[in-house]
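Just passing along the structure, written as structure tokens.
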């Protein structure tokens, strides 16, 4: 209980400080702390799957993405609009307070006992062969959402690349990295990825029965691929590389193909033949992990930039 | 014993959260990074304590992931650190 | 689960699969995939409409055989079928039109714009289809994000500074809209334990969480639909967008969030919809009609005129809300309002796609798109100018166009409901629309004709004309043909 | 109890993030505010999930899975906003007008 | 026996907590960034190390001692490498 209050207070304090902060680097550092604190909150809420995702994506990948952005727009605070005047700011604050109050009232007045699908998940999880209820929802009961979300990532890669300047088209993604001499960073870039890959495989594999799974594993893999890139030891392949594009599309394409096969043999999209559910789900999970990892890394690295 | 371990977890959290104002106050960029790193390490310690106290193996997995990503975030921060003190 | 449920499922999954495969296929491959999918998509949409019409009931597909609330389903009712057909035809027209600008010749190197255009078009198509057939509020959230992620880059394909800034503004609006929507989804789940709107239909209780949820979702969806005063992103986003992108954005993307809004108000919570709130939505719609039309009248660039016209035409859609809220117990009246609203969405889609493409052809030929520089356009480009005029008739609501039928149904409904003020708005909007269309046509029809009219025939002109003709011919269909859009209306559910 | 505490925190974070999104003019801070807002929404959803604990699960797995999907989608949105912002900034660099 | 083990656990964990507290105190109180860095890196390595040590006798509850030690080693490796990086940053200003 005490821990709840503590984490809650810290989250609110860090969020306020992020919004109010003056320097961009400080704001992003605060945001990384926000992500870490949120993952503690998820542990307290009994959602370890989400805690893992929040730590990996919220704090880790988003942190790296926003830090890179902060260092590149630093000094050019290209404001999109003018800062709202005092009266406008007060009006916005009142409006936001109203939203918060309405939300709080709604949360406090939710019905008790809470409606829940947990019993239905428990009753049907046997058909999937999985032990982790969240994985069962993601891969079977609401498999469509997961499929669409993997397609969203492919679309995001296409969309991000479409923002490249024309003269950089087909080039290597991301800004040029300084090639560092053998320093501590280079050491870490060599040491950490093998350990990280082990952890990712572990997280993927236990994901069928315990918290973990493809998103978490993919986020870790993406981070491990980016480490040597950040150390200047690895140059990402050009976006025109066929294998790179195939790798990003392969997982979602396989998932849709298996879904269509389910329609042809079982009569419903994403229906798994009885007895084959678990192996098919694991094949899809592994393929998706690889594709999502590459997509996430490409999204953080960003589209090709102008030659300096 | 589990109660004691959970208490210890809360104490670690209190301790590292108390360091958070350093992110805001700085003044050096490295201070901000250190405070975030301390939060990560403290979170790992608290997860391990709570995991043993409640016999939840998945807490250790969460700690593993946190350890990896905290290192990753630290490096990202060190790389992106602006010269000077992040003046607005 | 119904026998023909696989048709809408395929209508969603094939464009999504095409989008995924377009990445490794490259620009030329992606173009071929898109062209190959066009007839398939039209066939699936026609099939769905025929199945809905024949059975008189929605066709349903349970994904993985899991029924809601645990599982997800696709459900195509009359409204879905009409939108599937509209999407398939508009996408086909836009794709054929866009080959001239985004096609890749054999052996030519891949360009950035060509690489991106085809998968983005497929994503918009798949996402539009998903929006109209998905029944789960969270799946709809993912669909809305798919729409946003595809629409944002497609409007700034030219890579110019002003366009990129407009795209960033659009993205911020759209993301704000989606997160407000998602907040409402969370509360709905907390209150009812399901997100399936068929299961939710009629179950809504008059409680605080429900009202807060629907208010948040409505606000988010209005931002995405660009209803005044949340329309600020729309005209700048169109200003620099390729004509093909503008056509899709106006014809389909803004309609997606509208369809969700209608289902939310009249499917999920019929009877709870407060007449006062509906009057507010109607008033925003009326303001959009009048202010959007006046703004269109004052534009100097043809493209922006058409964009503001979209702001205005979206307003008509929202007149449905106060009228339907007044409808319970008057089935014939509700049916007419419903048909009028859907027909407005559909006929506007065709008319506006035609207008944007025509404006694109005119701007490309004249090298600029200032309205006072249009002199001679009618001689140079008779077909696009004629298409623009035909589409304009439909927007004005001149008989016998589809726009006329739609506006007539809304207008008579308003009078029957005793809400005569909406009728005045519709009439006034028609006059204003007539003024700005006339302004364009008058400018285009003048000119001394010194320029030679000699040039190669352009296949794209026929596409533009065909779209305009569809929007007109919709008004010639016998009323019985609109029975389709009544099938499976959720507010009719017991 | 835990659910209520974090649900209310989610409501507050929503307000804070919304304020930042509307009141801060700097695009990067708007993107950060969007993420703060997202965290708040997911916590509200998490509170809903926690309230639905039962059948031997610490929370209702259906909303938990939805949150996972939502986090990944929100991350993709953030990357797109950042890419667009950096593109605009790099245009400034090469063309200072 | 088990009493002795418990006492050992508690002592180690208590010592770990002291190191964490010392790290925070150093971070908040020490005058310059370099000394804050030194205080912090030592404190959190040792703090976490001692807590892991204290937890080892009960590690069966979470799948065995190697998992706990792996976490500690990972933190050690990464912060050992991050340390000089941060030190370089601290000197730069």
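Going in written order, the chains are labelled A, B, C, D and E, and every chain counts its residues from 1.
Definition applied: contacts are C-beta pairs under 8 Å (C-beta built on N, C-alpha and C of every residue); 3 or more make two chains touch, one makes a residue touch a chain.
What you see is a predicted model, and the numbers here were worked out from it, not measured in a lab.
J.: Starting from the defined contact criterion, work out which chains touch chain C and chain E both, please.
T.: Intersection of chain C and chain E contact lists gives A.
J.: What is the set of chains touching both chain D and chain E?
T.: Touches both chain D and chain E: A.
J.: Using C-alpha centroids, which chain lies at the maximum separation from chain C?
T.: E
J.: Once you count every C-beta pair in contact for both, which comes out on top, A-E or A-C?
T.: A-C
J.: Measuring between mean CA coordinates, which chain is farthest from chain D?
T.: E
J.: Please work out the Cα centroid separation of chain A and chain B, and write it as a whole number of Å.
T.: 20
J.: Taking the mean of the C-alpha atoms as each chain's centre, how many Å separate chain B from chain E?
T.: Between these chains, centre-to-centre, one finds 11 Å.
J.: Just give me the whole-number Å value for how far the CA centre of chain C lies from that of chain D.
T.: 28
J.: Could you tell me which residues belong to chain C and also touch two or more other chains?
T.: Each of 70, 138, 142, 145, 149, 152-153, 156, 164-165, 168, 172, 183, 187, 190, 193 in chain C touches at least two other chains.
J.: Could you check chain A for residues that touch two or more other chains and list them?
T.: Touching at least two other chains: 21, 24, 28, 70, 80, 99, 103, 107, 110, 114-117, 121, 141-142, 145, 149, 152, 156, 159, 163-165, 185, 188, 192, 195.
J.: Quick one: which residues in chain B touch 2 or more of the other chains?
T.: Touching at least two other chains: 29, 33, 35, 56-57, 59, 64, 68, 70-71, 75, 78, 81, 85.
J.: Every pair of chains that touch: which are they?
T.: A-B, A-C, A-D, A-E, B-E, C-D
J.: Residue numbers of chain A touching chain D in their complex, please.
T.: 1, 4-5, 8, 11-12, 15-16, 18-19, 21, 24, 27-28, 31, 34-35, 38, 41-42, 44-47, 49-50, 53-54, 57-58, 61-62, 65-66, 69-70, 72-73, 76-84, 89, 92-93, 95-97, 99-100, 103-104, 107-108, 110, 114-119, 121-123, 133-134, 136-138, 141-142, 145-146, 149, 152-153, 156, 159-160, 163-165, 215, 292, 296, 299-300, 302-303, 305-306
J.: Spell out the part of chain C that touches chain D in their complex, as residue ranges.
T.: 70, 138, 141-142, 145, 148-149, 152-153, 156, 161, 164-165, 167-168, 171-172, 175-176, 178-179, 182-183, 186-187, 189-190, 193
J.: Which bits of chain A are touching chain C when the two form their complex?
T.: Per the touch definition, chain A meets chain C at residues 80, 99, 102-103, 105-107, 109-111, 114-117, 120-121, 124, 140-145, 148-149, 151-152, 154-159, 161-166, 169-170, 240, 242, 245-246, 248-249, 252-253, 256, 259-260, 262-263, 266-272.
J.: In the complex of these two chains, what residues of chain E are touching chain B?
T.: Against chain B, the touching part of chain E is residues 6, 9-10, 13-14, 16-17, 20-21, 23-24, 27-28, 33, 36-37, 40, 44, 47-48, 51-52, 55, 58-59, 61-63, 67-68, 70-71, 74-75, 77-79, 81-82, 85-86, 89-90, 92-93.
J.: Would you mind writing out the residues of chain B in touch with chain E in their complex?
T.: Against chain E, chain B makes touches at 1, 4-5, 8, 11-12, 15-16, 18-19, 21-22, 28-31, 33-35, 37-38, 41-42, 44-45, 48-49, 51-52, 55-57, 59-60, 63-64, 67-68, 70-71, 74-75, 78, 81, 83-85.
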